[in-house]
C-alpha cells in the first residue's frame, strides 16, 4: 500500500471498490433477514414453507442480481484507471439502488400472490429499482469514456459498441416496468433470467477484454 | 502488505481506514431495514407507499450524508501520514455517531408528520447526531495538524483556513438543531442540501489538493 | 495493488476472496439477530434462558460451520492461481448457501423441541443447505483442477485423493438429511461435531500443503 | 499482493485480520438495531427517550468495548508473525464472543431497571461474555508466545509481564460477574470505565512497543 504515495489514482479506485464491495456483500447478505419462519399449525411446516415460494423466488432473484451486479462492477472498475468526483458521485448513486434492493425485494415477495393491483405495483417498484441501477451503470461508463478515465485504449467504434450495450440493457430493464402491469410472476422470472443472461454475457465480454493478459 | 514491516505507520492508517470503511458501508446498508412494507388495505399499496414519504426522505438524506461522510473520511485520511492514539480514539468517537445514525433516522422518519412537539424533538435528535459527527471530524483534523501527522506541507495560513472550514461546518450543523424547533420537514430538506453541498465542496477541495498528482 | 496491472489474475482471486470474506463475516455476525430476549415472567429470566438452549445450540453450530467454511474457503483459494467465469459462478453458488444459512438456523432452533414432523423437516432443511454448500465446494475444486487453475503442481494421484475427500464430505452431509428424519437434536450435535472434525482435518491438510513455505 | 506467493505467512495473518475486522465492524454497527423508537403517548417523545437510558448506556458501553477490543486485536496481530491452526481456532473462539455481544447487550439493557433477580442475571450474562472474550485474548497471546509466532524478540521477563497483564485483565472481568449480583447499574458503569482504561493502557503499551519504528 505504500506505493499509494507515488501513484495515488489506482489507490483511489481501490478504496471505492473496497467500499462498494462492502455495500454489495452486506446487501446480498441482508436479504436473508426477510425470510421468516412461517407461523404454521403444528405438523404443517413443510406445507407452509412451500407456500412461501414467492419469498424464496424473490430471495434467489435478488441474490443473483446483486451477485451479477458485483461481477459487473468489479469488471467495470478494473478498466477504470482513476476516479474523479463524477465517478464518486455516480458510484454513490449506483450504491443507493444496490443498498435499497432488499426493500422492493420484500415488497415484491409479499405481494406477488396478491390478486389486486398491488402485485403489479410491487413488481413495478422492483423493476424501477433495477432500471435505476442500470442507468447508474450506464452513466458511470459513459462518464469514464467521455473523461478518458479508462485503463486501455479502445477504438471509437468499440466505445460506441460498449455504450450501446449498456443502453440496450437499460431499455430492457425499463421494459420490465411495463411488463409488471401484465404479470408479476412473469416479471420475477424474467428478472431472474436477465440476471443469468447478463452474468454469462458479462463474463464472456470480460474474458475477451482480458484475453491478452490471460494468455500472457 | 509485506512492506508493513519496515514502514508500519501507513499500514496503521490503512487498517483504521479499512475498519472505518466497514462501519460506513454497514451503517449505510442497514438504513434499508427501517423501510417496511406498508400495512395497507387491498389495492391501496401505491397510495400507502406515497404516505411513507418521510421514510424515503429520511432514508435518502441519511444515505447521502453517510456517503459524503465516507468521501470526506477517505479524503481526510489520505492526508494523514500516521495515526497516534489520539487519532484512534477520535476516529472511534466519529464512528460512534456514524453507526448510531440509523436510530435517529428512524426516529425522524416516524415523527416527521407528527403535529406535536415530538416532530421537533426527533429533528433535534437527528441534528444533534450530525453536529456531534461534525465535531468529531473537526477534532480529528485539529489533532493531526497540531501533532504534525499530516502527509504534506501546509502553510500556517492554509492550516488556519482548513480548520476554519471545519469549524464553520460544525456551527452550521449546530444551527440546524435550532431550526429543528421551527420546522421538522425544513430541517430534513436542509440536511439533504447540506450533504449535497459538502459533497461538491469536499470533492472540489480534494481535487485541488491532489491536482499535482493527477497531472503527474 | 499497482502490480495488478501487469499480473491481473492474482488480483482477480483477491477481490473474489475479499467479497467472499465479507459475506462470511456478515452471515456469521447476523446469526446473533435470531437470539431474542425471552419473554419471561418476572424473576424467571435464568430459567427462560436455559429453555432457549436450542437457539444457543443452533447459534453455536452455525457459527462453527461458517467459521470452518471460511477457513476452508481461504485455504482453497490460496491454491487457486486465477479465477475464470466458472470459478466466479460456482463461488456465487457457494455464497448463496452461506448467506442463506441464518434462515435454516432459525428454523431449526425454533422447531428443534417440536414433537411433530416439523422438527424433522427443519433439521432436513438445515442439512440440505449444508449439503448444497458441500456440493458447491466440491464443484469449485473439481472445476479448478480440470481447468488447471491451481497454484502448485499436484500429481494425478494427489488430485484424485483431494477430489475423493471433497466427495466423501458431500456424501456425509447428504447422509445427515436422512438422519434428520430419525432425530433432530442428534442431527444438530452431529453437524457441530462434523464442523469441528473438518476444522482439524482442514487445518492439518493445509499445514501439510504449505509446510514447504513455512519451513522456508 | 503478488508477494504473497513467496511470503505466505504475513498474507495469512492479513486475511485473518481482514475477516476479524469485518466481524468487529459488523458487530459494532449491529448494536444500533436494538435501539427502538419508543412507543410514547403524543408529545411525550423526549420524556420517553430519557426513560430509555439503559438502552443508550448499554449501547455506548458495548460500542466502547468492541472498539477497544478491535484496537487490542489490531495491536496484538501486528506482533504476530504467522498464524498456525491454533491461532485460527482461538481467533474464531474470540470472534464467537465478539459476534455474540449484541445479544447480552440487549438483555442487559432490557433488564437493567428490573427490581428482581433478572437484572443481576442479565448483568452476569453480559460480564460472562466479556470474561470469555478476555480468556480468548489471553489464550491467543499465550499460544503465540509458546509457539514463537511473535514478530519481535521479547525477553523472557517481558513475555512473563505481558502474560501477567492479560491474566490480570481476565481476573478483573471474572470479578465483574460477582459484582453483577450486587448491582447491575454499577456493573455497567464499571464495564464502561474498564473499556476506557484498557483503551488508554493498550494504546500506551502499543506506542512503547512501536516507538522504535515511529522514531525511525
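Order of writing sets the labels: A, B, C and D. Residues in every chain begin at 1.
Here is the rule we use: contacts are C-beta pairs under 8 Å (C-beta built on N, C-alpha and C of every residue); 3 or more make two chains touch, one makes a residue touch a chain.
Values in this document were obtained by computation on a predicted structure and should not be read as measured data.
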Taking each chain's centre as the mean of its CA atoms, the one lying farthest from the centre of subunit C is chain B
Rotating subunit A onto its identical copy subunit D by a Cα superposition takes an angle, to the nearest 5 degrees, of 180
In whole angstrom, the CA-centroid distance of subunit B from subunit C equals 36
So, in whole Å, the Cα centroid of subunit B is separated from that of subunit D by 25
In subunit A, the residues touching two or more other chains are 1, 4, 18, 22, 26, 30, 33
Among line, ring, star, complete and other, the chain touch graph is ring
Pairs of chains in contact here are A-B, A-C, B-D, C-D
As the complex stands, subunit D meets subunit C at residues 1-2, 4-5, 8-9, 15, 18-19, 22-23, 26-27, 30, 33, 82, 84-85, 88-89, 92, 95-96, 99-103, 106-107, 110-111, 114, 116-118, 121-122, 125
In the complex, subunit B touches subunit A at residues 1, 3-4, 7, 10-11, 14, 17-18, 21-22, 24-26, 28-33, 35, 37, 40, 42-46, 49, 59-60, 63-64, 67, 70-71, 74, 78, 151, 199-200, 203-204, 206-207, 210, 213-214
